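Below, chain A partners chain B and then partners chain C, in two separate complexes.
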Partner chain A sequence: MIRSALVSLVVTAILLVLVVGIVLVPIAMRLPDPLAVLDMFVFGPFRNPRHAGNIVEMATPAMLCGLAVAIMFRAGMFNLGVEGAFFLGGLATVATVLVVPLPAFAMAPVGLLVGAVVGSSICAVPGYLKARYEASELVSSLMLNFAALFVGLFIVNYFLRDPAAGAMVSYKIPVDARLPRLVAGTRIHLGTVVAVAACLVGAVYLFMTRGGYESRIVGLNPSFAAHLGLPIRWITLRAQLIGGLIAAGAGGIEMLGLYQRFSWQSLPGNGWTGVVAAILARDNPILIIPAALFLSYLQVGGDLIARNFDVPSEAVGLIQALVLLVVTSSAIMRNPRLMRLVQGRGGAARPAEPKAVERSPA
Partner chain B sequence: MTDLDLMGLVGFVPAILRVTTPVLLAALGVLISDRAGVLNIGVEGMMLSGAFAGVVASAATGSAAAGLVAAILVGGLLGALLAAAVHVLKSDLILSGIALNIAAAAGTTLLLFLMTGDKGMSGSLASQVLPKVTIPGIAELPVLGTLLSGHHVLTYAAFLAVPGVGLFLTRTPFGLRLRAVGESPESAAIAGINVVRVQTVALVVSGAFAGTGGAFLSMGYVSWFSQDMSAGRGFIALAAEVMGHGSASGTMFASLLLGAAEAIAVALQGRGLPSELMQSVPYIVPVIALVVYARRRQRRLART
Partner chain C sequence: MTTPPVVAFAGVSKTYGNGTLALDGVSFEIASGVIHAICGENGAGKSSLMKILFGLEQPSAGAVMIDGEAVVIASPRIAAAKGIGMVHQHFSLVPSLTVTENIVLGQEPRRGALIDRAAARQRVIALAERYNLHVDPDVAVRTLSVAAQQKVEILKALSRDVRVLILDEPTAVLTPPETDELFERLRDLRAAGLTILFISHKLREVRALASHVTVLRAGRLAGDAPLSAIGDDAIARLVMGQAARPEPKRGDRQAGAATVTLEGVSLAARDAADRLSGIDLAIHAGEILGVAGVDGSGQRGLVSLLTGRLQPSSGAIGYHGEPVAGLGTAALRRRGLAHLPADRFHDGGSKRMSLIENAMAGAHRLAAFSAGPFLKRQAMEARTAAMIDEYNVRAPGPRAPLSALSGGNAQKLIAAREFATEPRFLIADQPTRGIDVAAAAFLHERLSELAGRGCAILLITADLDELLALSDRIVVLHAGRIVARMENGPGLTPERLGPAMLGLEAAA
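Let's turn to the complex of A and B:
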C-alpha cells in the first residue's frame, strides 16, 4: 500500500519534470541563451530569500482554494465556484474593514468572517440549487463566477472607489486590519499559518470525522449512500458550504495579507490554481500543501523569466493545464507496465532498468 | 403599442441576433457533444482559440474565409485533442476540459505576444472581417428587411445550423448511433457501435462549432482579438444547452433568451445604468432560467 503510493509519487514527479520541460524548452530555445532561461526558471526562485518568500506567499491562497476544491470534489460535487468565492470573499472582507467602524483588534477577524460568509454564496447557491432543484452545480457555479466578478466591480466602482487613486481601486485597507508579516525580508504573513493549519484540519475532517466520512461515501458511491439512508442532499450542500467558506476566507486572507487596496479588475485565477492543486494532491488535504508550493514555485519561476527575458509568464498556464491532464490520466497513472518499471527502479536492481525499457514495447 | 415602439422593437432584433450568434454556435457544439455522452467543458477555450486562429489566419492570408476555415480547423483539432485526452490518456472528461480552457487562455496570450509583442490585443495584425449578408428583394421591405436581411454571415449560418443539427441527431443513422452512445456507451458497444470513434467525431464537430463561434467574436462582433475575449460565453453556451434539454430547437430558444437578456443589458447600459451591473445580467439569467427549468421538470416528474 505504502509502496504503491510511493510509486505513484515517483511517477508524478517524473511526469511533472517532463511537463515543465515540454513547455519550457521550446520557449527557451527561441531565445539567445536557452540555458540561462532554464536556469532562471528552475533555480532562480531559490537564489534570493525574497523570491523564496514569494513561493510561500503564492502557495497560501492555492492551499486554501485547493482544500476547498478537494472537500467539494470528495463529496462528488463538481462545483467550480471557488474562483468567484475567492474574488467575492476578498471584496467583502475589504468592504467590511473599510465601511464598518470596528475597533482595531476586531478588524481582521470580523472582516474575514463577513468575507467568508458573503463570498461562500458563490459555492453555496449552486449547492442549494443542486440539492433543491437538481440544477447542475457545474454550470450554475461557472455562471456565478462571472456574476460575482461584475457585481463586485460595480461595488468597487460605486461604493469603495478612491477618487484620489488613478485606477479603479478601493480606498486603502487600514493598517490595523492587515495581517502581521512573519518573516523579515519576505511578505510571508499570518495567512500562511492559517492555510497550513486549515489543510491539516481538513485532513482530520475528511478522514477522521463522521461528516467527512459521510461526504466521501456520497462522493464515491451515491447509490450506496442512498441505501444507507444518508441525507445526501444535506451532505453535498454541507460540503459546498464548507468549500465556499474556505475559498472566500482565502480571498479575504489574500487581501489583508498582501494588498494595500482592492485592485482586482478580473477574476484572479487562484480558484483554478486551487483546482490544479487539489487534483495534483488527489484531493488529499495534506498533499495539497506540497502541491500548492510546487505550483507557486512554477509561478515564481515563470514570473522571473518574464521579468528577465522576453517570455510572457503565461507559459505557466500551459504547464498547469498539462499537469491537470497527465495527473488525472489513468492510462499513465494506472499503467501496470509503467508501475512495474518504476518499482524495479526503486528496488535494488538498477542494472535491470534498461532491459525493462527494452521489454516494454513488446 | 404605437408605431414608434414597434419600430424600436424591430430595430432591437438585429442586436439580439448579434449577441445570440456566438452563444448559439457554441451551444450547438455543446449539444452534439452532450448527446454523445462527452459534455464539452472545453468549449470556452475552443471559442477563444477559434477567435485567435481567425484573426491570425485572416491577417496572414488577407482572406476572411481563410480565417474562418482556420478557426473551424483549430476548434476541430482541439476537439480531437480532448477526445484523445479522454480515450487515449483516459483522463477525466471535465478536468480535461478545464485543462483545455486553462491552456487556451495561456496559449493564445503566449502566441499573441510572440507574434505581435503585445499581450493584450491584436491591433497590429491586419485581420479581416467576415461580411454581412444583404438579401436582395427582402432588404428593401420595411419590417421584414430589418428582421431578415443585413445580418452577419455567421448569424445565418448559426440559425441554419439549428435544423441541420436537429435533423442530424434525430434523422440520420450516425445521429442515432451518437445518441445511443450518449444514452449508454456499454449497450452501444455491445450493439457493435464504435464508441471511441463516435465520441471523437462528436467532440471534433463540437469543437468546429465552438471555433466558428469564436470566429464570429473576432471577425464580426469586433474586428480584433483580445486576451480572454470569449469572457465566459462558452459557459453561457453550456447553460443554454442544458436549458434546451437536449434538442436543437430548445437550445436555439434558450440561446435567444440569453441573447435577448444580454442585448437588453447592453441597451440599458447606454441609458446610464451601471455598466458593471448590466454586464452581470447575462450570467445571472442562465442561473434563474436553470432553476425555472429544473422546477418544471421536477413538477412533471411528480405528476407522473
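Let's turn to the complex of A and C:
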C-alpha cells in the first residue's frame, strides 16, 4: 500500500510542477531575464547550504504537524486544532523555560513536556466535546485555534513581554534551553532528528500496534468498529490526544530550535502546512517526510525569487495557494473519509462503482 | 427472413488488470422479446458480461453484436443509444431528489435555459401509466421503500427508450410479495415488446419468469437452453458444476439449556421498523431458531438489542441466565456472542483494509496475535491464510483488500472470523443474501456444525428455503411482535408461514 501511496505522491508532485510553471512562467516572461527567475526558483534552494538548510528547518515542524494530522485523520477525526496546538505549545514551552527555575539540562525537556501538554488542549478539547456531545470536531477545533491565539497574545503581553525589546515579544529564551544545532552553516537543529524519528515511530504505531490498528478500523469504517465492540469514543479521543501532544511539542521544538524570543503575533501557519503535508502523503507517516521536504522546497524557492527579483510576494502566495488546491483536490478524489466529510457525514451511502477503463492488449 | 437475435455474444473474453480471467470465450444469443435468464455463482462472470453489454467494460477478445451487427460499446451512453438499459443491484439514484428529478436527470425537458418541471412531471406520469409502474412523482427518493426505488430505477431506464433491459439480481433486496409484483411488471414489459435480461441465481425465480436460461460457470458458458427443455436439477448441476446442491442436514442435534432469553422485551425506537413489543423468546444451546418476517418487522431492533447496540425500553435480556442490562457489544462478545451482520460490507468488514486486517479484527488482542502493544503480523497473516484455505475463500491472497472479493467470498471470510471465536450464541442475519449457491451451501453446513457443537443460533432470513432447511423452531415477527411459533418439520411450508408474515392470521 505504501507503493500505491508513492505513485499518487509522484502524480501529485508532477501536477504541482505544472501548476507552478503556469503561474511562474508568465511572471518571469515580464522580467529582463526570465530564465534566471525559473532557475532560482527551481535550483536556488540547493545552491547554497544555508538555503538547503532552510528547507530542512522548515520541513521539521511540517513533519511533526503532518504526523499529528495523519494520526487524527486515520482515526476519522478531522481535527484542525494542530495550528492552535502548535502556537500554544510554543508559547507554553517558552513560558516554562522563562518562568520556572530549572537546572540547565532539564530546561528543554521539561519545557517541551509542559508545552506539549498545555498545547495539546487545543486538540483535546474538541476531541472531548466530540466524544461526549458529538460536537463536530472540525468546527470546534477551528474556532479554538483563535481562542488559543488571543489567549496566547494576552499572556505574552501581560506576563512575558520584554519592555526593552521594543515589540510585543517575550524575554530572551535562555541559551541553555535551546536545542543544539547540528550542521555548521545552517540552522538545522536536533528537532529535525526528533521529527524524522517521530514519523518512523508513527508508522510503527499505525501499522504495527494494536492501538493503531483499532484506530484505523474506526477511521475507515465506524460501523465495523461498532460491530466488533471497539470503544470508539475512547479510540477517537486518544487519537486526538496523541495528535495534540505531537503538534504542541512541535511548537515547542520550533521555538527552542530557531527562535531567540517568542515573537509570533498571529498563528504561524505551520499547522496548516502539516495538514497539507498529511494530505499529500495520504496520511502515511513515512511519506510525510518527503512531502514536508517538498513543500518546504517550494516555500524556499518562492521566498528566494520574491527577495531577489521584482516578483510580487503575492505571486508567491498565489503559487502556494494553487499548490494547496492541487494537493487537496487530488486527494479528495481518493480519500473516502474526506469525501464523506465533503458530502456530509453519514449521508446517503452511495455505492461508488469505480470504473476501470482498460483497453484490451489485443 | 428470420430476425437476427437482438443481442449476441461471440467469443467474448475478459481479463482484468489484476490477471483475473472473468470471461473465457462466451458465445450465446438473446432472442428479441423474451425474458432471458442468466444464471451462475458469484464470480461466474455474469456481472462482467453485463458490464460489457452496458459499456462499462470492454471485452479483451470477441465481439458483442446487436441486431446482427458487431458494435463497440465504449460507454453506457453508447449502450443507451443502442437501446440497452440496466438496473443495477445497487441503485444509482440521488436520495434527496424527487422521483421525477431522478428519472429526467440528464435528459431534462427544457424551456429556454430552465427545466420545464411540468413537462418533466407529465412525462414521468405518462411513463408510469404506460408500464403500469406506479410511483408518486413528487416525493423524494430517500423516503421510498427499496421496492419503490427499484421501480424508479426501472422507469429511469425505460425513459431512455430501451429495447433491452438488464436487471442485475433485482430480487435480492425485495420481500416475497414485492418480488411477485416485480415479476408481474416484468411480464407486462415483455408483453410491450421489451427484451429482458434477468440475472439471478434463484432457480425458482428463473423458472417463474424466464423462457430461456444461460448458465455461466467460472467465466465459461456452461449451458444455454429453453427452460421448457431443462429441469431444475440440470440447471443446478450446470451452475454448481457438480452434483446438485447438498441439502444441509439438520441431523439429530439436541437442544440444551436456554443460552439467551428475552422476557417481555420492548423497544421504543424512532424508526417504526425497529420497534418491538413484548418479545418473549429463549434460544437454546444446540438449536437454530429461525426468525421469519417481512423486512422491517422488527428484525433490526432485535439484532440491535441482542448485540448490545441498543438497550430495551422494558423487559430483560439474559445470557446464560444472567441479566445483561447495560452491557455493550464488547462485553457481550466476551460472553460468547458472534454476529454475521446483514450488511456485510457496511458492518461486517472494512473494504479498504486487507483480508488479514478484516479477518483478525477482534482476535488481535489475543496473546497469539499480539505481544504487548505490538501486533504479531506474521502470525496474523498465517492465521488468515489458514482461514482462507479452510473456508475456501477465493482470494488473490491475504494481503488483498476486502473489496477484491465477491460478496460470497467476503461473507465466507467474515464467517470464518466470527466462527473462529467458537461462539456460544450466534446471530446470523441474512447469512446468504445475494451470494452464490455454493457459498450458501457451505455456510449452511457450517451453521449446522456450530449448532451441533452446542452453539445457540438465531437465524434471521428472508429466504424461506433457507429458513425451512436450517431451523429447528421458527418464530414469525410481524410489526414488532411474535405472531407465531412453530416447530419445523416436513409439514411446514412457505404457504403456512406466509399469512403470519403478512399479519393475516395468528398461526398456531
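By our rule, the second predicted complex is superposed on the first by the 299 of 362 C-alpha atoms of A that agree within 3 Å, B and C clash if a C-alpha of one lies under 4 Å from a C-alpha of the other, contacts with A are read in each partner's own complex, and residues count from 1 in each chain.
Rule of thumb we're sticking to: a contact is a pair of C-beta atoms (placed from the backbone, for glycine too) under 8 Å apart; a residue touches a chain by one contact, two chains touch by 3 or more.
Everything numeric in this text was worked out from a predicted model, so none of it was measured.
*Asks:* So, A:290: does it touch chain B (first), chain C (second), both, or neither?
*Replies:* Neither: A:290 stays clear of chain B and chain C.
*Asks:* Classify the contacts of A:208 with the two partner chains as first (chain B alone), second (chain C alone), both, or neither.
*Replies:* Only chain C is touched by A:208; chain B is not.
*Asks:* Does chain B (first) or chain C (second) touch A:316, or do both, or does neither?
*Replies:* It touches chain B, and chain C stays clear.
*Asks:* State whether chain B or chain C is in contact with more residues of chain A in the superposed arrangement.
*Replies:* Counted on chain A, the partner with more touching residues turns out to be B.
*Asks:* Could you tell me if A:134 is touching chain B, chain C, both of them or neither one (first, second, both, neither)?
*Replies:* A:134 contacts chain B only, not chain C.
*Asks:* Given the touch rule stated above, what does A:224 touch, chain B (first), chain C (second), both, or neither?
*Replies:* A:224: touches chain C, not chain B.
*Asks:* I'd like to know which partner A:268 touches here: chain B for first, chain C for second, both or neither.
*Replies:* neither
*Asks:* Contact-wise, after the overlay, does A:146 reach chain B, chain C, both or neither (first, second, both, neither)?
*Replies:* first
*Asks:* On chain A, which stretch or stretches are contacted by chain B in one complex as well as by chain C in the other?
*Replies:* None.
*Asks:* Which residues of chain A touch chain B once you look at their complex with the stated criterion?
*Replies:* Touching chain B from chain A are residues 27, 30, 78, 80, 125, 129, 133-136, 138-140, 142-147, 149-151, 153-154, 157-158, 266, 272, 275-276, 279, 312, 314-318, 320-322, 324-326, 328-332, 334.
*Asks:* How about chain A: which of its residues touch chain C in the complex?
*Replies:* 208-211, 213, 216-217, 220-221, 223-224, 226-231, 336, 348-351, 353, 355-356, 358-361
*Asks:* Where on chain C is chain A touching in the complex?
*Replies:* It is residues 15-17, 56-61, 88, 90, 92, 95-96, 142, 307-309, 328-333, 339, 341, 346-353, 357, 361-362, 364-365, 370, 373-375, 377 of chain C that touch chain A.
*Asks:* Where on chain B does chain A make contact in their complex?
*Replies:* Going by the criterion above, the answer is residues 41, 85, 88-92, 94-96, 98-100, 102-103, 105-107, 109-110, 113-114, 119, 228, 231-232, 235-236, 238-239, 242, 274, 276-277, 279-280, 283-284, 286-287, 290-291, 293-295, 297-298.
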